[in-house]
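Take a look at the structure set out below.
Every chain is named by a letter (A, B, C and D) in the order it is written, and numbering of its residues begins at 1.
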Amino acid sequence: MTNDWARYHCQIALPGFGEAAQQRLQQASVLIVGMGGLGCPTALYLTSAGVGTIGIADFDTVSEGNLHRQVLYGPDDTGSNKAAVACRKLRQQNPAVEFVPYEQRLTAANVFDIIAKYDVVVDCTDNFETRYLLNDAAVISGKPLVYGAIYQFEGQVALWNVAHQSGGRTPNYRDLYPKVNAAQIPNCTQGGVIPTLAGIIGCLQANEVLKYITQTGESLAGKLLVFDAQTLQSRVVKIGTLTKTNITTLLVAAEEVPDIDQTELKKRIQGDDVQLIDVRTEEERLAHHIGGKHVPLSELENNLHEVDPNKTNVFYCASGKRSAEAVKIASRALPDSKAVSLKGGLNEWLDENG
Amino acid sequence: MTNDWARYHCQIALPGFGEAAQQRLQQASVLIVGMGGLGCPTALYLTSAGVGTIGIADFDTVSEGNLHRQVLYGPDDTGSNKAAVACRKLRQQNPAVEFVPYEQRLTAANVFDIIAKYDVVVDCTDNFETRYLLNDAAVISGKPLVYGAIYQFEGQVALWNVAHQSGGRTPNYRDLYPKVNAAQIPNCTQGGVIPTLAGIIGCLQANEVLKYITQTGESLAGKLLVFDAQTLQSRVVKIGTLTKTNITTLLVAAEEVPDIDQTELKKRIQGDDVQLIDVRTEEERLAHHIGGKHVPLSELENNLHEVDPNKTNVFYCASGKRSAEAVKIASRALPDSKAVSLKGGLNEWLDENG
Amino acid sequence: MFLYLLSHYLKFFMTITVLAFGVAKDIFNAPSIQLELVNDATVMSLKYTLEQQYPRLKQLSSYLIAVNNEYALPEDYIHQRDEVAIIPPVSGG
Amino acid sequence: MFLYLLSHYLKFFMTITVLAFGVAKDIFNAPSIQLELVNDATVMSLKYTLEQQYPRLKQLSSYLIAVNNEYALPEDYIHQRDEVAIIPPVSGG
């Protein structure tokens, strides 16, 4: 303990903390999902405070547009996987912490296996799809989840799904927002975000993790903190003591994807502002197509230069499913490009014209 | 601007921000005094947001006990000057920013020259002596000063000394606390501090800098924000619109130093729990001494191993002035050691016994 | 007659300030709006009135209504001087 | 007689809650204390009463007294239901 004492004595000295709390931190494991604007400060402070094991999940790579608020990265890191870069840098900050990078996307197929290894999960994601997936998986797995979200100058923080000693659990994200129409809520790329807000909300998330693990202070269980970095007003809204939801299976909210129906496409295709991109396989393409470029869905992420920044890119496939995925990929990577999915796909196209 | 747009478009997109605000940031210069728990997050976010020139002043070296809250450093950095390490790391984060390290201690002799070069000064110091020095120098120089301070779970933030268009300036630190008895206020080493609080308050300081430079949002001029990381309660106290102080010269508050008078020393010197350390020059020592070790004041910082952690170290000099300085140096570097100054020094000792 | 109407009005209607957060600021085009409601209106009727005036609110699917910093249920009553806040979901990270 | 004294008491004294920040928490040994003051006491008399009960407070040299989240001057009056906060200086960084 002597070595640890040298590093941590300024927090061990805190009233209600002590060596016992420090040991709880060292024995704890925390998973941070999303290593962006919120994940960076959360990870920096959980690392410095000496959490034993920190898992870091992010499939995305560092891009230049992230650097204004994602303080763990520099221009040299662009193109590298965020989880990998973060783990490498954080290890230098505190080599006593065990870091576990997860470079894959969190999906319904892997989420339970990944979160099973951790005591606490932190939601630092940047989209509703992963938020709901993580919330529902945490509730089903009985894991406390520290939630954070930001937009422009405003942020939210909460601690979801904490077990009461008397049984039952505190509210979760679906108590607050049972479902959401993602198309109506602008994200940070559209509306912007002030970098310091990401820092404040991320630090508040790390703060909730420390309080939860060390059992000090008043947690945000059953409450939602709303903070405005422009006016510096903050309020804590009471949600309740028990969840009213009953989540038993993953009910992933479908992300709404902008699409175009064939009637409109046929009108617009006359002009030169539309580019078609077929995302089906080689075999399907050979059998039949309606023109444009061909980039199979599996190869889209490596061929994003095919997306024309000056045109409306209409992705198409057989049913509209893969093309919707393609729109998500293109919009995330190239938020300023226009990408839409052909509604119903070639199946419907053929029905009408065949 | 195309290159800059790629990095900063997520903040340029903010309502009330735009390219004009980004240009103001790039043309601005900010001096951060103190690169500890508050300085690290402040610097990280001002760097990521693209402030043109960032000066970083800290004479101190990284120590292991800092690492739990000073997230820019790792064990490899211990012993190195904080300003130098911080500038090196921040340059990697944003090479477009110009960093200027100041590795010397801020004193009445150099403070005006240093702050003259900057548009905004940030007080991230950890002691009252430098806080008052910086406050008074900023007021005399007409510079806005972003103040932050932390202790245990509580922090304070304010923006001092902003010029009104109609003339006059907003309140400063001496409006709040005209003077302070430092001996009565425990510091972070004694009472501890939670690392996430340092992050939150530091980010709030960077946030005030961004708002001031870009002229967006409501600033903390004339107000004091008090935040509690344990209860998450925050309040903004209105101080007033105009300062009531009239600071025209540096009036550095003397730091109170624990001392011992010769009567008590003579009693205690019988036991073996006292160690005498003479901090005078070689010449003075040769002329006369009252025993103990000899470490000239100028060499104390490099000979701190002479301070016995298990005894009360009584520093002495001729008048009590240099020994008081010695106590400050020993207490800062070895906060757990006991160091006191011989009141009145050898001058008085001789008077009585000579 | 005028006094009668005035007293009638004062008795049956109240003006409530509704604070907007997140995208609700864009929808209201203001950080807060004034809303006239019958005395002791429920949260449900507040919601109905709001969505009539601001149809985009309905398209959000769900948003939190807090009355005096507490999660409000549709059947809860709203009283004069209550502070109502509309807090829509936020996605960024 | 009892009622007379009670009404007398209610008329002339008020109980004020004083919130403590920073080292004032240690000095009070509590996050807040109750203080009995004469009606419409000034901030100066509050300060005097506090420093009589907690002499360490005086040794701080200066501390901020905020009434209803505003900096209070020595001559300001304190009323029943006012929120008084004692905010001493903080040095850490």
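Here, contacts are C-beta pairs under 8 Å (C-beta built on N, C-alpha and C of every residue); 3 or more make two chains touch, one makes a residue touch a chain.
Please read these numbers as outputs of a predicted model, since none were measured by experiment.
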Centre distance in Å when chain A and chain B are each reduced to the mean of their C-alpha atoms: 37
How many Å are there between the centre of chain A and the centre of chain D, using C-alpha atoms for each centre? 47
What positions in chain C touch 2 or more of the other chains? none
Residue list for chain B, restricted to those that touch at least two other chains: 152, 188, 193, 236
So how do the chains connect up here, line, ring, star, complete, or something else (other)? line
So, with touch as defined above, which chain pairs make the list? A-B, A-C, B-D
Given the complex, residues on chain D that touch chain B span 21-23, 26, 56, 59-64, 66, 69-71, 85, 87-93
Touching chain D in the complex: which residues of chain B? 34, 36-39, 124-128, 131, 148-152, 154-156, 176-182, 184-188, 193, 198, 224, 226, 228, 235-240
Which residues of chain B touch chain A once you look at their complex with the stated criterion? 6-15, 17, 41, 44-45, 47-50, 64-65, 67-71, 73-76, 92-95, 152-153, 188-197, 199-200, 202-204, 206-207, 210-211, 216-218, 220, 225, 229-234, 236
